[in-house]
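Provided herewith is a single structure, encoded as structure tokens, for subsequent inquiry.
When the chains are written out, they are named A, B, C, D, E and F in that same order, and each has its own residue count from 1.
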Amino acid sequence: MAKPEKLIENGIRLDGRRPDELRPIKIKVGVLNRADGSCYFEFGLNKVIAAVYGPREVHPRHMQKSNSAVVRYKYNMASFSVEDRKRPGPDRRSIEVSKVSREALEPVIFQEYFPRSAIDIFVEVLQADAGTRTAGINAASLALADAGIPMKSLVSACAVGKVDDTLVLDLNKDEDNYGQADMPVAMTPDGKITLLQMDGHLSGDEFKEGLEMAKKGCLEIAQLQRAALLEKYATRMDGESNE
Amino acid sequence: MAKPEKLIENGIRLDGRRPDELRPIKIKVGVLNRADGSCYFEFGLNKVIAAVYGPREVHPRHMQKSNSAVVRYKYNMASFSVEDRKRPGPDRRSIEVSKVSREALEPVIFQEYFPRSAIDIFVEVLQADAGTRTAGINAASLALADAGIPMKSLVSACAVGKVDDTLVLDLNKDEDNYGQADMPVAMTPDGKITLLQMDGHLSGDEFKEGLEMAKKGCLEIAQLQRAALLEKYATRMDGESNE
Amino acid sequence: MAKPEKLIENGIRLDGRRPDELRPIKIKVGVLNRADGSCYFEFGLNKVIAAVYGPREVHPRHMQKSNSAVVRYKYNMASFSVEDRKRPGPDRRSIEVSKVSREALEPVIFQEYFPRSAIDIFVEVLQADAGTRTAGINAASLALADAGIPMKSLVSACAVGKVDDTLVLDLNKDEDNYGQADMPVAMTPDGKITLLQMDGHLSGDEFKEGLEMAKKGCLEIAQLQRAALLEKYATRMDGESNE
Amino acid sequence: MSELKKDLIYNLMIKGEREDGRRFDEYRDIKIETNVIEKAEGSARVQLGDTHLVVGVKIQTGTPFPDTPDKGVIMTNLELLPLASPMFESGPPREDAVELARVVDRGIRESESIDLSKLCITPGEKVWMVFIDVHVLDDGGNIMDAASLGAIAALMTAKLPASRFDLGDDTPVPMRDVPVAVTAVEIGGTIMLDPSMNEQRIAGTKLTVISNQDGGISGMQKSGVNPLTTEQINYIVDAAIEKAKEIREKFLEI
Amino acid sequence: MSELKKDLIYNLMIKGEREDGRRFDEYRDIKIETNVIEKAEGSARVQLGDTHLVVGVKIQTGTPFPDTPDKGVIMTNLELLPLASPMFESGPPREDAVELARVVDRGIRESESIDLSKLCITPGEKVWMVFIDVHVLDDGGNIMDAASLGAIAALMTAKLPASRFDLGDDTPVPMRDVPVAVTAVEIGGTIMLDPSMNEQRIAGTKLTVISNQDGGISGMQKSGVNPLTTEQINYIVDAAIEKAKEIREKFLEI
Amino acid sequence: MSELKKDLIYNLMIKGEREDGRRFDEYRDIKIETNVIEKAEGSARVQLGDTHLVVGVKIQTGTPFPDTPDKGVIMTNLELLPLASPMFESGPPREDAVELARVVDRGIRESESIDLSKLCITPGEKVWMVFIDVHVLDDGGNIMDAASLGAIAALMTAKLPASRFDLGDDTPVPMRDVPVAVTAVEIGGTIMLDPSMNEQRIAGTKLTVISNQDGGISGMQKSGVNPLTTEQINYIVDAAIEKAKEIREKFLEI
């Protein structure tokens, strides 16, 4: 898409959302058989799947920690997930996203329960449309819960941005491309920020306002996450097979 | 060579062979000093050399198997072995060829005699002209014997193919390029198939007929392999130095 | 620079030096805080920095030697050190330079004092102008001393070359590009040659004469090295902080 | 894999049964959904029993290979992602992934299911490059057949994105055959189609036969260390050609 | 890091002090020297306390990216060289180096401190490619701020080598802002700017705020596992914007 | 290597003998066969005692380097294949292979044995690229000299494949010198030429001297950790130049 003249008209964004409105979200917990825990997460056009293995043995041995689990996070984009085919394998962007995403989740995991072991989180981006790292963190948080990893709480994530001089929640691809700022945030239900990145242009006040907007978005997502977890458990208790 | 009009004329192939005739074969066992076993094998214009080291220690340690030897097979084409220089190092093709070639030989090796050790097979293609994987298996089989690795039997390999709607044994490069099917086969003297790949177009009946043709080819090669081994031992017993 | 008509006029080189004259040298020992020993060395326009860590533990374990230290040497050129940006990371040239430089220093290190440990030498070329390997060896020799590694002696290095049919000491970039021979040499104060490479064209007699010239250059450098070490210790004894 | 599990599968086999109740020549449920990735030119999600994968097809323009100046290019890649199995933990088992990708690729290429000459835009200069990427999400055995089905399903629904490259209207990828891969294993003398993960591991050796609409074979691959007899191979070839017809029919109904 | 050292730093902090005697919002000495590498188009040597690095800028012509045909290209690389710290021994900790490089890069890019459109030579064909390479020689903590300062200093003194490419006279790199990165850590509820290596390791989490001449923010990065509260973040943002002004002023005097 | 073996070689040396009965300045048998790889533009098989290698030369057209627009390109690669020695097991000892390749390369390049200007087809656009690949099959010591001989033998029998590239008739590679590498080791004060594998390992240090038809030196390389005295070096240089003449003469008879 070429740059549109306006990204917001009469207070409504090009995809019909209000400035503080999230894109449609679809969550399904426990979608994979082999993984210890898994979650499929759609965030607008973003489609990601997270899987968790662990606690399990650490290879190579020298990566073990004697008093806690090692948490590893691998964010990977499918070659077909974007307009122009991406070469398979990690690049500098995915290395950074993996690092900050891992750091967004580590604070809620009781790592000290599992010395010398690994908790492996794999996030596959099947389709990308701005917001894959936050979608991945949301999915991974549920996959950890699904794997039965003891956690202090879930983690929820979404971005806030600025387009046409207006703060908006949860940028889509066009807003990301043609907007003025993008700021992904992850937090725990009690408001602790576990991921914060920003690029673009924001005044100090805009930043503070934006952070509040992101926190509201995260709380909304947290509710959907809890509902998805409950649905999974309800299904289980009904004696249905988990597909 | 541009595609010729006919690859078979009056029942005779462009290089003068009948459909069920192998290319000239030249075998020499024990051609290297450092390797535990070795074999030079010419198959038409194909020139390959195989070396075997082992049983020997396995590095890295975690690759050891507690109740059997690990067999490793590395097929490698010299940069100068083909018309257009090949970049050195493994590519996807050589990884696949190494895998299926190893699997073609593993069934005849008494791996359980050598727990925690490795049997390493290296095949170097010095010149390639269609048929390097079968030439490599034939050479490796003899290099294993030359290294004194206990084996149930030798393994022999050759391809069968279809050109000008005719099944032919042991395709050369032009027949491979312009033919309709290529099917490399490896087998033990008692007819057990240890390698089977096919691409191109064959009817079910052609396949069955082709497989019989390949088996006959393998038996012919088996005789030459045995003769080469005997020659080596005879040479040894004559007290001649093994060159 | 395009090839000049003459590289030596009236016995004086383009940069004003006599044939047997070294470029200006600037040495500072102990320039880094984290490294166990370090040295900054300017050799004309060459700017290199060497750091030494060790003796310290060896990873991976299987690289340990049971009766002596392992000496490792990593020569690396900064991307910005040359006219046309160099891609980061080792190339074939830096692998060879690292090898011969390590071999130039190993003979003077009492490696047997530190079994199972590593002495790591890192040489970073910040600017290159012909002579980086010899500059690196000179710097590394002092960084080893600064790290307190027991040594039989220092090692000094410089190149000799032939330009306009004249033997000259310590080639600069233009002399290297347009000259007829380049011969880097490293030696101990008692005249043992620990590095010797040559390319270009020299008669047997020129070689012998050149080697003597290089030895004189090395002795000159050895004096400057000793002075730089003394300055470092003097500074220390004066109670000044080592910057 | 525990000895107990192995014994169980052997004992069932002797009674003519399989762990999931299937007949020896019966496939697990096949679910195929296409156009699941809107940003790809073609895509399919395949579930074959517990095995689950997504295939995406990306198409762009590029330069032909010097020796085939008037033909498009297809490239197949397959990733055994570490989320798909605990066995894939320490880096993907490159060898297996490479073999799977290459067999899927040959299945498409050798069956001539894509008319590569119709992928030529300007001979010697510009052709369509078709990238087939198989993303394995859950390994429940027999990835090979699932990947082959997914690749064909994704290709059959893919468009050449001509409008995006100012080359006129989008058109379907020119397909002319539907190769179907059928994989069998041999356990204790019995041939079973579509092996589950457990069956696959016990058997040691798989034989994949790829056949076309006309009943001809366009690809075969034996994978694994146990040898097979001629009789076993011939039996599998016949069974595979039959089964492929059945699968193809169902597939074309989608 | 020993428990003793940790306790020391905690105890000092409670008394309102730091191990090197600084105030909580005080930076260590900053020494910047430019044009230290004559063969680079721009360069700077930065010493921030014990942290020591060299930034070199190389500029050459190249092809623009297809989606920005009328803009130059900047690329930032940062090497955590093994000579800079015993922690970097067994291969550089790629993850940290990549993060640092990308944050420095975004700081320059997102602040629009370089006018990329002025780096275009022939739209769609030829543009200036600016390579910023950060060589870390000594890690004394807070590499991020030192690297950012070094990158800007090197760029401000860099020349487009037009004469070398037969494109007229050399001109300065078109700079229009001076983004300054300020990094803070939180230890036991106290915010400290410009963390030393020990402070950085105790804190676990850093927050970097990059701000511009107009006082606006052009980049932020939280790095590390401990969470931060909104209050802590807002405090750091305000402090960072103030401190950046101070640093920028001193910097522009150089 | 066992202490016993070392002692044996030392004791022999004291008596003026070598383990294989040679004089100190005597080479092992050299067998050279050319055109052994029909698909290469040039090739040679060299056996120097137990050392055995094949050199293949491939020649194709390509773009010259920007700084030498009117010269062809030569590139030398050497592989210490794991089949050549149990020491090469865990991945080739990259360092040694790189050094060998680079010394062979410099020997050819610096001796100006190939007239690179005659490898230019269209200045700045198209030149001949000569790839020299050394495949070491059996390591019996002194790979350096065997590889150098093989490279020269392969080049002297190589053709520029002009007809294949529609550039007229094939012509020989334009050679104008025959550099010969002679390698020596020092053991207990004694200089030995053409070291066997055992001698090489005991000595620790090799010195290679490459000399030309006019008796001049075009390359030298000390390899290994033991230092050498000026006297030893000068002795080796003289001996190497003499021996090279002898080898070159025999070589040119082939």
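Just so we're on the same page, contacts are C-beta pairs under 8 Å (C-beta built on N, C-alpha and C of every residue); 3 or more make two chains touch, one makes a residue touch a chain.
It should be emphasised that the depicted structure is a prediction, and the values quoted were computed from it without experimental measurement.
Asker: Which chains contact both chain B and chain F?
Answerer: Output, common partners of chain B and chain F: nil, no chain qualifies.
Asker: So if I look at the partners of chain A and the partners of chain F, which chains show up in both lists?
Answerer: Chains in contact with chain A as well as chain F: not a single one.
Asker: Among B-D, A-E or A-D, whose interface repeats B-F's (more than half the contact pairs identical)?
Answerer: So the equivalent interface, with over half the same contact pairs, is A-D.
Asker: Compute the distance, rounded to whole Å, between the mean C-alpha positions of chain B and chain C.
Answerer: Centres of chain B and chain C (C-alpha means) sit 51 Å apart.
Asker: Measure off the straight-line distance from the CA centroid of chain B to the CA centroid of chain E, and report it in whole Å.
Answerer: Spacing between the chain centres: roughly 58 Å.
Asker: Cα centroid separation between chain C and chain E, in whole Å?
Answerer: 32
Asker: Counting only Cα atoms for the centres, state how far chain C is from chain F in Å.
Answerer: Their C-alpha centroids are separated by 27 Å.
Asker: Could you check chain B for residues that touch two or more other chains and list them?
Answerer: Those would be 59.
Asker: For chain E, what residues touch not just one other chain but two or more?
Answerer: Residues of chain E never touch two or more of the other chains.
Asker: Indicate which of the five shapes (line, ring, star, complete, other) describes how the chains touch one another.
Answerer: Here the contact pattern is a ring, one closed loop where every chain has two partners.
Asker: Give the chain order around the ring, anchored at chain A and oriented so that chain E comes second.
Answerer: A, E, C, F, B, D
Asker: Mind listing the chain B positions that touch chain F in their complex?
Answerer: That would be residues 32-35, 38, 45, 47, 49-51, 53, 56, 59, 74, 76, 78-85, 88, 120, 122, 124, 126-129 of chain B.
Asker: Which residues of chain E touch chain A in the complex?
Answerer: Where chain E meets chain A, its residues are 94-96, 98-99, 101-102, 106, 109-110, 205, 207, 212, 215-230, 233-234, 237-238, 241.
Asker: State the interface residues of chain F toward chain B in the complex, per the touch definition above.
Answerer: 36-40, 43, 50, 52, 54, 56-58, 60, 77, 79, 81-86, 89-90, 131, 133, 135, 137-140
Asker: Tell me, which parts of chain A touch chain E in their complex?
Answerer: Against chain E, chain A makes touches at 92-93, 95-96, 98-100, 103, 106-107, 183, 187-188, 191-204, 207-208, 211-212, 215.
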